[in-house]
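One structure coming up, written as structure tokens, with questions to follow.
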Amino acid sequence: MKMLINVAETVVADALRGLAAAHPELVVDVEQRVVVRRDAPVEGKVALVSGGGSGHEPLHGGFVGPGMLDGACPGEVFTSPVPDQMARAAAAVDSGHGVLFVVKNYTGDVLNFRMAAELAEDEGIQVASVLVNDDVAVTDSTFTAGRRGTGGTLFVEKIAGAAAEEGLPLERVEAVARRVVESSRSFGVALSACTTPAKGSPTFDLPPGELELGVGIHGEPGRERRPMMTSGEIADYALDVILEDLQPRLPVLVLVNGMGATPLLELYGFSAEVRRVLDEREVPVARTLVGNYVTSLDMAGCSVTLCQVDGELLRWWDAPVSTAGLRWGC
Amino acid sequence: MKMLINVAETVVADALRGLAAAHPELVVDVEQRVVVRRDAPVEGKVALVSGGGSGHEPLHGGFVGPGMLDGACPGEVFTSPVPDQMARAAAAVDSGHGVLFVVKNYTGDVLNFRMAAELAEDEGIQVASVLVNDDVAVTDSTFTAGRRGTGGTLFVEKIAGAAAEEGLPLERVEAVARRVVESSRSFGVALSACTTPAKGSPTFDLPPGELELGVGIHGEPGRERRPMMTSGEIADYALDVILEDLQPRLPVLVLVNGMGATPLLELYGFSAEVRRVLDEREVPVARTLVGNYVTSLDMAGCSVTLCQVDGELLRWWDAPVSTAGLRWGC
Amino acid sequence: MSEANLDADFFVRWLTAVAGLVDREAERLTELDSAIGDADHGSNMQRGFAAVATALTAAPPATPGAVLTTAGRQLISTVGGASGPLYGTLLRRTGKSLGGAPQVTAAELRAGLTAGVAAVGELGCSQTGDKTMLDALVPGVEALATSFDAAATASEEGALATVPIRAKKGRASYLGERSIGHQDPGATSSALLFAALAAVAR
Amino acid sequence: MSEANLDADFFVRWLTAVAGLVDREAERLTELDSAIGDADHGSNMQRGFAAVATALTAAPPATPGAVLTTAGRQLISTVGGASGPLYGTLLRRTGKSLGGAPQVTAAELRAGLTAGVAAVGELGCSQTGDKTMLDALVPGVEALATSFDAAATASEEGALATVPIRAKKGRASYLGERSIGHQDPGATSSALLFAALAAVAR
């Protein structure tokens, strides 16, 4: 498998060097793998820190900046970062008003962030954590590690980031983040598997004429495999699952997210089908975002995330944000 | 080849429906395939119209909005749009101060835009055109159709768009656009071929262990094929070709552009190597943009574009822009 | 050359026949374009001539000139790419030079096509030997002086003769040396125009 | 169980042996993780134990407890993923329960490991039968009551016994039924810990 890399061992460090070169508004510690806003700590503001395995770019490093995250910690490809990174990030961004950890629900992320919270609290930093688990493809039961965190993470980081920017205290920013988690549901499909630099071959086998319904962002298997479907059929299927679970009573934010290798032309076509289904189901759409935001390296496919929002959450969604990966209003 | 589509025949129309649903700030005529700013025509402003074959998204439809294009005309996948589209777009955006056509140098685009200019002029619209031909992989001689237009198009549309927004008259906006063309050079590489929906199989054969140096954004062949290279070697090669031709005396804008299927993680890593080479060559870098902007469907690979800028061009580059694909400062 | 007068209906039948031929040969045209272009010439021609046939059937123009200008306008409005404006110009210019006559002679058609082909070269800044549609159009029009069948043969031969040429215009020119050994898709579709003309004239 | 006293050097040799074994088995661990996880367990363990070996060689701690807490800290700081905190906690908690003694008996080690393994279950909210490292750790520690070799055998058997289990924790749990028939990578690496212990004790 050909990749635009030097060697597998340095992909994360190389990417961080590139991020640093392109974004002088970020402080990138390539050695320690910590990305923070240049103006951190922001006086009087609760800070948001997230992180996770690399390979999902622009998540999370691309979401560091005014209106979203204060710091991010990239791990090895598809491997949770270590607690030291998160504790270091927390120390770099804490203005004394506390830090919210935004954690995607994977065992590794959960455990490492938990340890990081202990380390940070030892340093006198007030820490709260919110667990993002929006992936309805996984049954949340005592028989699984619980729903995975995927596209909903973007909504959590954006909306809680705006709430923090407004000066809300830690408990309230945490509560906002939790509200967003409770309001978000995602479903992903893969048309092809992704290839990690370390392994060099696809992480799973997907026969030519089939697609994986309910795939995770690390190529985790989904609910089922089916013969290839049209984008209209995929939208019907994905929204069926999401809407059954979410049962929205409020307008929704829609994220049509590319997994990495699916052309934007196709993503926009798919989002037309998503809108069709939502219209048919009489679910009002407040905003739609289409693009590659929570990716899975070079996987072909997409995910849909809905987040139902009241006026307050919508206002925070619309609030200015200025990051490498998401930017508006400023 | 699996695609996230309904049928090949409707991909462009489907994508336009999706664009319309996601972007209420655009007026999308799905039938006539014209995308314009909702506030067009903007009083007192020269209007910019571009277009070309689809499959390069977000180019051009994703660059319609304040600070950049007033209108865009998407053709069939990899096929120039027809003159009627461009003439219609020109009529929709002209405030009486004239329209600048931004044309990528492909025979089809050139001929169709030329006819569109005649049609528009017949309607009393003042039209100027600028030809973007930044691809140094093609020898510009009487034996070719000339250099192709690729990544430089983004610089032209952004910078001339800012100049137009400032109220410059048509001849001066045209002159600015021409200055940007003269200051821009691109070079692209493919790690894999792209697949058009109509054909359904890769547009060219690239053996597993090789890459195509100097590829075009429609999968046109490049200068040579070589055994796979590291991202550092690719950066050395591409910038050698570009710098030999451009010989910049001013700081440069750098665009590290993904062809579609290359993960952002790799693009950032590659841009670190681009910066290394520019540092070694003592070429000062004014700004760097990394992402998928001028794509080639699901091709894996990237291109680099340099544009040397004086203070004025840099100011226009930094000026606010608010489009689906590029947004800052507003 | 026969003295038979060609009326509007003849021209409608000609272009409808082209539409049929292009439909049948679309895959081959795309295959040729795939080798030295961007694999769309077949679908481009199909889209264009289907629109031509529809327009001519819906409201058949009264004169040969009007048939051709209408058809040319349809091509320009529906094809895009390089071939749309070029073929559109070919038919429009030919149609214009036929004027408003209700019938034309084969000689008049030849004169008209000569003007049309010249306009193609002007628009495309191209000439024979560049490995383009001109390599089939020019010999085709010349042989029209003999007969429709001769024109079909000559344009077909012209298309075949593009194989060893190195492309100087259009997308194929990017290939340089590597364009040698492939038949030009546009020249191939041009030969279909003359094939249809001969068939309809029979 | 032998009465031999285990000093800091013994623990350094143990963990260095683990590093060697993990290095040798990395590909197999990743292969196992590829089937029911995300194909990184081998490289995770390699990275972690390489750092442990380096740290212990650079500045060998004076007591068994310090060796283990240092090693655990290294794992936590370098591995990431699920296995980093879990193995890190295992070694740290074991080390802490050994206190500051310069030498410990095998029985004391077993008591320490019992506490360490309990901490793993607590941190991971997991228990034996969930198809995790616990399925090798728990029987391994139990069999330590007999001998180091018995512990190696028991943990190896525990790892093998994960094959028919349906995963309830970690990444493999997403697979549901489809996790059945594959050996758990973490249980497999846990067995390596005991294999190294037995080898060093011989």
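We just call them A, B, C and D in the order they show up, numbering each chain from 1.
Note that a contact is a pair of C-beta atoms (placed from the backbone, for glycine too) under 8 Å apart; a residue touches a chain by one contact, two chains touch by 3 or more.
Bear in mind that the values here come from a model prediction, so they are computed numbers and not experimental data.
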Touching both subunit B and subunit C (chains): none
Required steps from subunit B to subunit D (each step between touching chains, minimum): 2
Distance from the mean Cα position of subunit C to that of subunit A, given in whole angstrom: 54
Intercentroid distance (Cα basis), subunit D paired with subunit A, Å: 32
Gap in Å, rounded to a whole number, between the CA centres of subunit D and subunit C: 76
Gap in Å, rounded to a whole number, between the CA centres of subunit B and subunit A: 29
Where subunit D touches two or more other chains, by residue: none
Of all residues in subunit A, the ones touching two or more other chains: 77
Overall pattern in which the protein chains touch one another (line/ring/star/complete/other): line
Pairs of chains satisfying the touch condition: A-B, A-D, B-C
Subunit A-facing residues of subunit B, complex: 2-7, 10-12, 14-22, 54-55, 57-58, 62, 77, 191-192, 208-209, 211, 228, 230-232, 234, 256, 260-273, 275, 285, 288-290, 292, 295, 297-298, 300-302, 322, 324, 327-330
Subunit B residues within the subunit C interface of the complex: 53, 75-84, 106-108, 111-112, 114-115, 138-139, 142-145, 148, 196, 198-199, 203, 216, 218-221
Interface residues, subunit D side, partner subunit A - complex: 30, 34, 38-40, 43-44, 47, 76-86, 88, 123-124, 166, 168-171, 173-176, 178
